[in-house]
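There are two complexes below, and they share chain A, which is joined by chain B in the first and by chain C in the second.
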Partner chain A sequence: MKSTLLFLQGHPVTRRVGEALLTLLGVSVLTFALLRVLPGDQVTASYGIDAGDLSKTQLAQLHAYYGLDKPLAEQFLSWLNGVFSGNLGFSSNAGQSVADMTAQALPVTLELAVLSIVLALVIGIPGGMIAASRPGALRDNAAQTASLLVLSAPVFLTGSVLASVLANSFGWNPNGETYARLTEDPLMNIQQMLLPALVLGVSIASPIMQTTRTAILDIRGEDYIRTARAKGVPERALQVRHVLRNALIPIVTISGLQFGFLLGGAVVVEQIFSLPGIGRQVLLGMEQKEYSVVQSTVLVIAVLFVLVNLLTDLVYRMVDPRVWSR
Partner chain B sequence: MSTVVEPPYTPSAPARRESALRALLRNRSGLIGTVLTVLVIATAVAGSVGALPYDPDTQDVAAALQSPSGAHWFGTDQFGRDVFSRVASGLGSSLLVAGVSVALSGSLGVVLGILAGYYGGLLDRVIGVLTNVLFAFPSLLLALTLASTLDRSWRTVALAIAVVYLPIFVRVARGPVLTLRSADYVTAANAIGQRRLATLFTHVLPNMRGIVLVQVTLTLSWAVLTEASLSFLGFGTPPPAASLGVMVYDARTLSSIAPWLLAGPGIALIVFVIGLNMFGAGLRDVVDPRAGGRR
Partner chain C sequence: MLTRHRRTTRSLIAAGASVAALATATACSDTGASAKGANGPLVFGISADATQLLPWTATAVQSQQVLGQVYSSLLNQDSHLAPVAGLADLPAVSKDGLTYTFALKSGLTFTDGSTLDSTDVKYSIDKILDPDTNAVARTSLSAVKSVSAPDARHVVIELRTPDASLVSALTVVNTAILPSGKPLDSLKTKPVGSGPYAFESRTPNQSITLVRNAGYYRGRPGLSSLEFRVIQDENSMVSALRSGTIDMAVFDDYVTARTAKSADVTTHTVDQLDYHALQLRPDSSVFKDTDVRLAVQCAIDREQVVKTAALGQGDVAGPITSPAYASDPDARPCPTRDVNAAKKYLADAGKPGGFTFTAIVPQGLYSSAADEAQNIQAQLAGAGITMKIETLDSSAYVDRWLAGDFDAAVALNGAGPDPATTYTRYFTSDGNFNKVAGYRSANLDKLFAEGIATTDTAARKAAYQKISRELEDKAVWIWLYTGRSYIATNTRVQGFQPITDASLQSLWETKLV
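So, the complex of A and B:
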């Protein structure tokens, strides 16, 4: 038992998990602090313009009721305690608890994210392979130029152009209809998801393409490729089994890192295409000044992001044992 | 996109520094980037000082929704306002917000990164945790959250964007300091009795100018995109200042009868960001030829 503990203590995975936990603590402190720097506080925010009519004693009573007269550290701990027991606050506009809202919105965003990553891989990996097949040639330059163009066009622009062109010129606007859940009307759901996923997918295809290209060029110079070729492995098998398989390691990493960008981009894309995801939930909370919704949703997104990054890192270490020694 | 660019570090010889501009212009990416960036910045400055063909806010209903022509290069909008003048003015406010935010995050981030890398220990770990925490939020979401909680003005938007890009500069500056800290000339400076803090600013900082400059250029392009995205979502630079993001938002409903309303601000934004990216890529090739050789 003791030796297991000692093993865990200096282990890179323990260190990485510890780092993630520390980050999560910091994330919760920062999210909690956000509510404190707001103009006004929970009380005046929840009463809106009526807050001006409250007398000093009423305000003090409300503060005591919400626990706002307690020390900050105590408030933080009780808030954190609430979060752990699933209490993310209540939205008076939606008439629903934020936990329930999130449970409905999260699958929408996750579906969008998964579809986007799949599309990005489908575009990015072949793109990178084509570019790397003859570095410096026309196809390489064309791929690089396309990638720069994509990187420079913000999601809100490509989304707006695509949505309005298809709706106005072709009369195709599935996102004008009410949102169809995947479980209820999968055909409609896919139509509604396709454009937003394409917009996000294309924008992260660019870094995936670049990574694929660089990785392939690096791996091609390795000794084991020369050995395999000398051994007489057919070219096609060499490219797939030796080059591409090893290139997948950095590709997985970059895809994981892009997850954060997807969550940020989801705010924009869900707004343009009226998808009731978590990005829309945050934005609506901001517009309606429902800070409890904003705070909890931002926390959920950040926690998700930290966990995905941790997972990517661990998978990376598992696939490539050389990282252990670092 | 919050991908951190950490090119391997090579100190540049003083002789090469003199011809840095010439080397930049000889680089294909650097030349195109410089031309585009100068073009856009000139337009933005013209927009800021009001040296424009039309006043960006003056309405002229008789000239509403005209397609691009000699008189109105980018056409006019539904109120008869000149789209080119509005784009130029929008570029002006984009540049202001992006410039101020990158100046803030760059200077503070580099100082924090140098201190963390040079002194190490507890300071390094504290700064490391803060960096990780800021990195834990998707950048657009963090900017949006900060911008929506603060009172809305171009200053708070710039501040929000500055917070988002702070950790990138911390990481970019910290890396080379770890190498430079044990460089012979740093050891020598310390040995002859120069104070450590002085050594930092006379020997360490000047030697990482190049990579910081590259990061500034790239971050500037991300800041422009973030500012435009915030405006598009309704939390950016407040009216009456013209904003590219708001122009795109407003143009969506009219895009079938007046596509130039979408094209004007859209193309300006893309050219701005492409210019900065190519300028940055060219700069990286000049500053660090090893990293560029693989392209």
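So, the complex of A and C:
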């Protein structure tokens, strides 16, 4: 028994799970604290300056209704207890439980994230390979310049400009329509996802392209590549099987990290394109000072981020079996 | 090996071609207005969800826009915002001004088919007055002593003291009549009113759909359905208007409204009653001296503020902005900028070298705040007065403002058609916002009491002119200007009458062609 426990303590998976749980607790405490530091609360967010017309008794009743009259530690523990029992809180503005809201919003953001990552990989990896094929040549310079331009343009700008130009010049604005779920109206859904996925995908394609280029150039100089070439391995097979495969580890790493950026970027992009995803849910929760909405949604995002990072670790091990032994 | 590689390449090319074809196909498909029928739905863009569905506690503009179509009040407003008959005719008022008798129209019903009678009116006013309801109109009905329903069609309101502003207070959605037989909790999620449109569904943070109320007491509403669609981003709202995916929207920002204009989108400009002001707090040590406040008044050219901060889209205004009682904006010690007069006031106050103060400025509440602050800062510097700008996010600003924790504030304050509703809470000594205003006087208390003691418009106007003069002569605040709203409609929208304050009261008659 003791040896099993010792094994589990030292096992990389146990260690990672422990780290993940600590991360989630840290995120929860930080979100809770930051929300309480911000001025205003749900009463002033709901009533605005009309809160000044409420008597002290009325204000006290409203604070009690929203659970704001309890000590901070009790508020946090009450929320945490709810989370463990599957109750993420209730949004009085939406008239729904946060769990229900998240169940509706999460698929929207996940669909956006998957489409964006796929687009980013489809653009970034071939772009990096092309740039690395002749370092310093015109194609390399062109790819690097394009990458720099994309990195310099914030998504709120590219998103707004793209949406405005298409709406004003071509009258095409699917995101002005009511949001259509993939299962209900796939054609409209794809139209509504196209621009936001493109904006997010292109923005994260840039670091993927840069990483691909650098990794390929590094690996090309390795002895085993020279050996393979000397043995007569055809150039295309050499690039794909030997160079690209070995360059995948940094590419997988950067793709996993970009997922976090994606969730952050989704807040802005979902706002611009009126997508009812999880990013918009956080933003609205912040505006309306619905603490349980923000805390629970940020926790869900953090869980997703942690899971993707764990998944990234697993992919490392598939790409490079030597990682298992570390 | 090579064959497998070529196969992979071919697959990738095919996949790429498929994505491109799909994108082209979807891009070419119709997303515009052609899918709509002639009678609706009319899609109205709103910048935030209507989260407050109980009209008595609804403070957000978007909630009031939606609920104004679902609920009816006892009285309505005409195109000049004066009270006119609504669910009831204008009341018969007793000679002592203490008894208001309302006669309801016959055959009134709620959208669930139940009858609307005097019981519902009594229930609604009693609930608004109940502190547990937290109704925002409770203060404006505070003179009400009792409500009775002698028969199904008559309602009698007894007042403690005469209050001529009562009829105006009964025109707004915050005093809407709700069905007495429905629990309030159910109305918070599924409103049941007697307005032109009935609530059908709400998808939180996305849209609210209303359908025609065939039993509406004023006639047949023009649209079979009306959708309020949430588009938070202003640029996206403009794009949606120009592409025809929404039919109507209201903007407060001139530049955005101008961007929305096109061959298919018309923009109607209407005046706002809300006023922009530099609030000085005479209670603060910096502004307790009237001469100091007058120096600030004389150092500011209000026209320049309008031209720079509002791009010329506004009118210089005095304290009272409602059309029936409007103040003369020039009736003040310094009708135009007079730096010499400002310096003389400073010398009289014992501050010939000027002084320094801090003004709180909101970020995110309205678009012109920062520009107003910067222009005022530059103008005051010309008279030797240093204004420090403290920019606060909207929540922090509202917190500080409500607490009266400031020397000066750049503000856009709401105003209604009746000056009593607008200013009693600020400038009477027991007003809920007197701490924010930071000024009171026995004369103002007397004048505000006079203003609501009679229903005679001329007598009321005289009282409010005197109030206006005291506020300006003492430079309690620096009233700057009233701005404009812009109602954008596409060419299919017919019959909408744009009126002051961008009121949607004619939306029920609007049709799509």
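We take it that the second predicted complex is superposed on the first by the 261 of 326 C-alpha atoms of A that agree within 3 Å, B and C clash if a C-alpha of one lies under 4 Å from a C-alpha of the other, contacts with A are read in each partner's own complex, and residues count from 1 in each chain.
Just so we're on the same page, contacts are C-beta pairs under 8 Å (C-beta built on N, C-alpha and C of every residue); 3 or more make two chains touch, one makes a residue touch a chain.
Quick caveat, the model's predicted, so the values are computed rather than measured.
**Student:** Which partner chains sit in contact with A:Leu149 here, chain B, chain C, both or neither? Use first/second/both/neither.
**Tutor:** First partner only.
**Student:** Once the structures are superposed on A, label A:Pro234 by its partner contacts, choosing first (chain B), second (chain C), both or neither.
**Tutor:** second
**Student:** Quick check on the superposed pair: does A:Gln288 touch chain B, chain C, both, or neither? Answer first, second, both or neither.
**Tutor:** Only chain C; A:Gln288 stays clear of chain B.
**Student:** Please indicate which partner A:Ile123 is in contact with in the superposed arrangement: first for chain B, second for chain C, both, or neither.
**Tutor:** Neither partner.
**Student:** Output check: A:Leu62 vs chain B and chain C. Expected answer is one of first, second, both, neither. What do you get?
**Tutor:** In the superposed model, A:Leu62 contacts chain C only, not chain B.
**Student:** According to the stated criteria, A:Ala163 is in contact with first (chain B), second (chain C), both, or neither; which is it?
**Tutor:** both
**Student:** Is A:Gly95 contacted by the first partner chain B, the second partner chain C, both or neither?
**Tutor:** The answer is second: A:Gly95 touches chain C but not chain B.
**Student:** Once the structures are superposed on A, label A:Pro207 by its partner contacts, choosing first (chain B), second (chain C), both or neither.
**Tutor:** Touch status of A:Pro207: first partner only.
**Student:** Using the touch definition from the top, say if A:Glu177 reaches chain B (first), chain C (second), both or neither.
**Tutor:** Touch status of A:Glu177: second partner only.
**Student:** Residues on chain A in contact with chain B in one complex and with chain C in the other?
**Tutor:** 38-39, 160, 163-164, 168, 271, 287
**Student:** Could you please specify the touching residues of chain A with respect to chain B in the complex?
**Tutor:** Touch residues, chain A against chain B: 19, 22-24, 26-27, 29-30, 34, 37-39, 148-149, 151-157, 160-161, 163-165, 168-169, 207, 214, 217, 257-258, 260-265, 267-268, 271, 279, 282-283, 286-287, 291, 294, 298, 301-302, 305-306, 309.
**Student:** Show me the residue ranges of chain C that touch chain A in the complex, using the header's touch definition.
**Tutor:** Checking each residue of chain C against chain A gives 1-2, 5, 16, 22-23, 26-27, 29, 31-32, 48-49, 51-52, 57, 59-60, 131-132, 134, 136, 138-139, 188-189, 202-207, 227, 229-233, 235-236, 238-240, 242-246, 262, 392-396, 398-399, 401-402, 414, 425, 432-433, 436.
**Student:** Which stretch or stretches of chain A touch chain C in the complex?
**Tutor:** 38-40, 44-55, 57-58, 61-62, 91, 93-96, 101, 122, 160, 163-164, 166-168, 171-179, 187-188, 190-191, 194, 234, 236-237, 240, 271-274, 276, 280-281, 284, 287-289
**Student:** Touching chain A in the complex: which residues of chain B?
**Tutor:** 1-3, 129-130, 132-133, 136-141, 144-146, 148-151, 221, 225, 228-229, 232-235, 245, 248-249, 251-253, 255-256, 262, 266, 269-270, 273-274, 277-278, 294
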